[in-house]
Amino acid sequence: MIRVAIIGASGYTGAESIKIILQHSQAKLVYLTALPEECSPVEDVFPQFKGRCNLPIEPLDFGKLSGLADAALCCLPHKVSMGFVPKLLDMGLKVIDFSADYRIKNVAVYEKFYQKHTDTANLAKAVYGLPELFRKQIKSANLVANPGCYPTGAILAIAPLLKENLIDTDSIIVNAVTGISGAGKNPSSKFHFPNMNENLFPYGIGSHRHLPEMEQIASDMAGRDVQILFQPHAGPFDRGILSSVYCQPKEKTNNDQLAKLYNTFYASEPFVQVRKDPPAVKDVAGTNYCHIFATCVKGKIVIFSAIDNLVKGASGQAIQNMNILFGIDETMGLL
Amino acid sequence: MIRVAIIGASGYTGAESIKIILQHSQAKLVYLTALPEECSPVEDVFPQFKGRCNLPIEPLDFGKLSGLADAALCCLPHKVSMGFVPKLLDMGLKVIDFSADYRIKNVAVYEKFYQKHTDTANLAKAVYGLPELFRKQIKSANLVANPGCYPTGAILAIAPLLKENLIDTDSIIVNAVTGISGAGKNPSSKFHFPNMNENLFPYGIGSHRHLPEMEQIASDMAGRDVQILFQPHAGPFDRGILSSVYCQPKEKTNNDQLAKLYNTFYASEPFVQVRKDPPAVKDVAGTNYCHIFATCVKGKIVIFSAIDNLVKGASGQAIQNMNILFGIDETMGLL
Amino acid sequence: MIRVAIIGASGYTGAESIKIILQHSQAKLVYLTALPEECSPVEDVFPQFKGRCNLPIEPLDFGKLSGLADAALCCLPHKVSMGFVPKLLDMGLKVIDFSADYRIKNVAVYEKFYQKHTDTANLAKAVYGLPELFRKQIKSANLVANPGCYPTGAILAIAPLLKENLIDTDSIIVNAVTGISGAGKNPSSKFHFPNMNENLFPYGIGSHRHLPEMEQIASDMAGRDVQILFQPHAGPFDRGILSSVYCQPKEKTNNDQLAKLYNTFYASEPFVQVRKDPPAVKDVAGTNYCHIFATCVKGKIVIFSAIDNLVKGASGQAIQNMNILFGIDETMGLL
Amino acid sequence: MIRVAIIGASGYTGAESIKIILQHSQAKLVYLTALPEECSPVEDVFPQFKGRCNLPIEPLDFGKLSGLADAALCCLPHKVSMGFVPKLLDMGLKVIDFSADYRIKNVAVYEKFYQKHTDTANLAKAVYGLPELFRKQIKSANLVANPGCYPTGAILAIAPLLKENLIDTDSIIVNAVTGISGAGKNPSSKFHFPNMNENLFPYGIGSHRHLPEMEQIASDMAGRDVQILFQPHAGPFDRGILSSVYCQPKEKTNNDQLAKLYNTFYASEPFVQVRKDPPAVKDVAGTNYCHIFATCVKGKIVIFSAIDNLVKGASGQAIQNMNILFGIDETMGLL
């Protein structure tokens, strides 16, 4: 039984992680922490867990944590995270970190989009936690950088094309729409119900923080520099990201070749389903699955991918990573 | 042409008032004010008015206002409102006040549910702005207390029964569901999109501030003390209030008698439509109409009423009142 | 391992049942059936199950079913169901029936609200599947009549009061709002997205088919005839029922007494949570839980209960019943 | 006073047209028609018009229509429309046709995407009703082909770039998301509330019928053949289309140049607002406005446009066209 501590349990990814582990037959929650002002019985923060989880959410006490847990899901925001992760690793915990702090290998790029990096030693050792591409490295890691939600959807959509060198690497446009749980639990005017309901809008034009992460992994796949035009949008639903990806094939291709490529590439992946028709956000909501459909339109390749931003885009993928780290069935708790 | 100033124009009722007056052929906007921190070109606060309204939203300057306007729509919160209204009246403006400050005649009751009243002189002169019941008094008023959204829906539903002394005055249960625009524009955790979307919940149990207002007018109608069990709920939509009202008839009645009662009572009312089937919130969304249906069920009378909380429940009714105050066609700008 | 056949798997309750059993460690799906025109690989009917469930949905073949399954979840509409259940029972299957056909003991009442009953023999033996009230009888049953969604929410809200004889049995008003999954998967004008979105309305006034079921069980609890004014509404969300129940106490009571009553009554119930604050639909969405809060307002008792209509109101409760029938942990697959 | 007949008044564009004309001070409704099975008092079809419009919806009777109206808004589906329009024109009516029948000048293209064309004589004379580009021609037309909703949003977004020959004409990608009112009023499984709510998906891949219309007008603007990759999506909201358009500039440009280009191009247009920030669907919902923002990202030009599909994308634009046809203020009824 993997004993799991959730550091930063009071947000949406914390709640989703709690929910999944409650259904996980080989893992159990032992410690939930948050900032002091957000601490209380878990049912006061999350009424949905009343009678299902009796742990309190309490301030992190490293003394108490010592010896208590095997794994830490670190659901903290970037910058905060790298203040805690070194200590958690020193205590011998396997750490899956939800923040951006350990995702971007190029420190200069990280510091341009975020802030000064204070833990470059662990950054160098961290493994990017997209199991479909880096399963082998994850197996032997101590620190997994759990991917961002947008990069998960976009990278799974284009990885086969990049790996096989089939597209112009400066032609990729990722037009994505996310549900609002992706914005986190802090209220804001933009996401106030009467403003967001019945609405849809683009944001983060040319500057979204998930761009360098996306380009880094895409470049890894391609073996050369990849440039992506990434345009996120917010839509009036809770969960899910639909990525509509447009790119230019190097040579004329067709739908059969694309279907074969994707089916082969993801043949043994439990959580990637290659569809024969375009996926819908609701097909994957509440699941750890990514549904993908690729097709040719007017000389371009168009790929659609759908994930649940809180599951495959965050907590589900983290637990998938945890399962790999501990050598148990990768799908445990996630079917 | 009625020259209209909107005092407190930066909220949802301000926006709705602007929208209606832009379509009003005998009224025009001359002045929009708000707290200094909310001032800017109107299109920055409300992008929907870009190219439609060129006034800025600016801090209230009584010097500037003097001689500029004929009417003031005072869209301020309670307590704030009674700090401004006396001055507006002194300047000779006709004032329609959206707050609760001038609705409750019994100062002790007001002070129990709100705070100390500082303008009891004008309170005594204010007229309750429900035209269907108080049109004659509104005509000659200088200060109209624009009704709350819940009381508008509930009172229109039960007024005919109370007026005709047909029901037990302590048997009334008002179960109402409001859209979230009723909560105003300030973001909060409860109404953060991912929390409110796909949700529905009761609130204000036994203590909602619209209760004393509702009971006061109901008692006026009945000519005796009326007690109401009023239970509001919040539902995942922008606009509208559906009130489901249950009460005990004094004597057995039937659907034909009810239909006749309601049709007669509201026969000449432009904005109250007595239906032969139950109304839906969407039937009245964006309009100044109240749709009502009354029926007998298991010995009780059940009445459903639907209004748009921002229109008949706020800005539309305010402009209906303004039209009456200035002796023009009551429906101007509202059809 | 309980081998489960789902008869009528192509609707929403079928999908929800599939989903739960996929996560159930002591049950597995062996057979999914539907009308011939709705048969195909399960992923074509429900894309969300692609890669998760490889069974086809096929026309029911009793020969094939023989010996294949231990339990049948019969997700058929009323009338259709009683055409299949006798045969399923004859084959030795334990049957949990989702329709109304075996819920109403009084054949005349059933026939008034539905149609002629053709299987009164099994009706007499069927047990009403609300475990919180009838667990003992369920244990030894072969046929469980799974309760309706509205009755589940309403009965759990008032059972303690009726059992203890604390309220006037003709004073109960159940004002309930359901999500639209409750209307089933067949498209209709009322529930066409642009009509239902941003809408809320009452329906089934005085005539909803869940009324006699509700009154039957309430009367069982009270030991005398109970009359309920039940008013359903449809709201713009997928899942959940909020019941706001109003009733008249026989003697003055208070919140402490109510809290004690409910906490005691449901003390050992895994799926009923007595709250200290009013529940929200979203607190129970996707779970088998019922959240309840009871309070005194103006001399009346008001009780709020929230359930997910597809889980505790249908498939979750069915699997809770199945777990009881087979003597395994009642919460299996449902936490 | 323009006397208006609405042919095919029972759908969403009919309702929106009725609503606008009710607020129009120089036009009035004189005749509402529909298929016999959809005829009844307007309030039975559209409860929102109870007390606001007393005309019945009745089967079209050319004898009755004769001399009754000056203009016909023909809200019929394609194919049906070209069966009625010739007769309406023969009667001397000015016709604004909502269908695709008179939009596509190339009969072969029309027949590929739709069906055989039976009124090519009038097709040749019809003017494409996008006032921002064809106002002069509209003025003297008798038959206006009211544009499709997607083409309206997309063409307004790219017209300035095409007209000025600034972009590669085979580089244009239009990624658009529409609200569900665009799908019309007929219920379907895809748009059944529990299926569409909380959902978002692409459709019409490579084959949407609005593509040839879009390419025809774009080619007109450019003076050469333009190829567009148009990808529509359906999103969980009632109204609005957000078009996110990506294209390749011929020469490096910058945001200032783009702002200047768009502001100049649309300087005198009442209903096109060039924004300094990206538009949101809700900014234009319920209005006849198109909000546009153009910007440079990574060497490409990205343009966002937002319209209400039922107003600027259908009924509002039709009435804008009607105002032009009759020589009155183009914005009448639409502010």
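A, B, C and D label the chains in the order they appear, each numbered from 1.
The working rule: a residue touches a chain if its C-beta (ideal position, glycine included) is under 8 Å from a C-beta of that chain, and two chains touch if they have at least 3 such contacts.
All of these numbers come straight from a predicted model, not from anything done at the bench.
*Asks:* Specify the chain most distant from chain B by Cα centroid.
*Replies:* Measuring from the centre of chain B, the most distant chain centre belongs to A.
*Asks:* Would you indicate which option in B-C, A-C or A-B repeats the interface seen between A-D, with over half of the contact pairs matching by residue number?
*Replies:* Interface equivalent to A-D, from the options B-C, A-C or A-B: B-C.
*Asks:* Chain B-chain C contact: same residues or different, taking over half shared as same?
*Replies:* Comparing the two copies, chain B and chain C contact each other through largely the same residue numbers, since over half are shared.
*Asks:* In terms of C-beta pairs in contact, which of B-D and C-D ranks higher?
*Replies:* Of the two interfaces, B-D and C-D, more C-beta pairs touch across C-D.
*Asks:* Would you mind pulling out the distance in Å between where the CA atoms of chain B average out and where those of chain D do?
*Replies:* 36
*Asks:* Go ahead and note the Å separation of the Cα centroids belonging to chain B and chain C.
*Replies:* Roughly 40 Å separates the two chain centres.
*Asks:* What's the distance between the Cα centroids of chain C and chain D, rounded to whole Å?
*Replies:* The mean C-alpha positions of chain C and chain D differ by 46 Å.
*Asks:* Taking each residue of chain A in turn, which ones touch at least two of the other chains?
*Replies:* 179, 195, 197-198, 236-238, 279-280, 282, 285
*Asks:* Which residues of chain A touch chain B in their complex?
*Replies:* Counting only chain A, the residues touching chain B are 12, 179-181, 183, 185-189, 191-198, 236-238.
*Asks:* Could you list, by residue number, the parts of chain C that touch chain B in their complex?
*Replies:* For this pair, the touching residues of chain C are 173, 175, 177, 179, 195, 197-203, 205-206, 227, 229, 231, 233, 235-240, 242, 244, 246, 278-282, 285, 295, 297-298, 300, 302, 304, 306.
*Asks:* Give the list of chain D residues in touch with chain B in this complex.
*Replies:* Spelled out, the residues of chain D in touch with chain B are 22-23, 25, 47-48, 50-52, 198, 270, 273, 275, 279-280, 282-287, 289, 291, 335.
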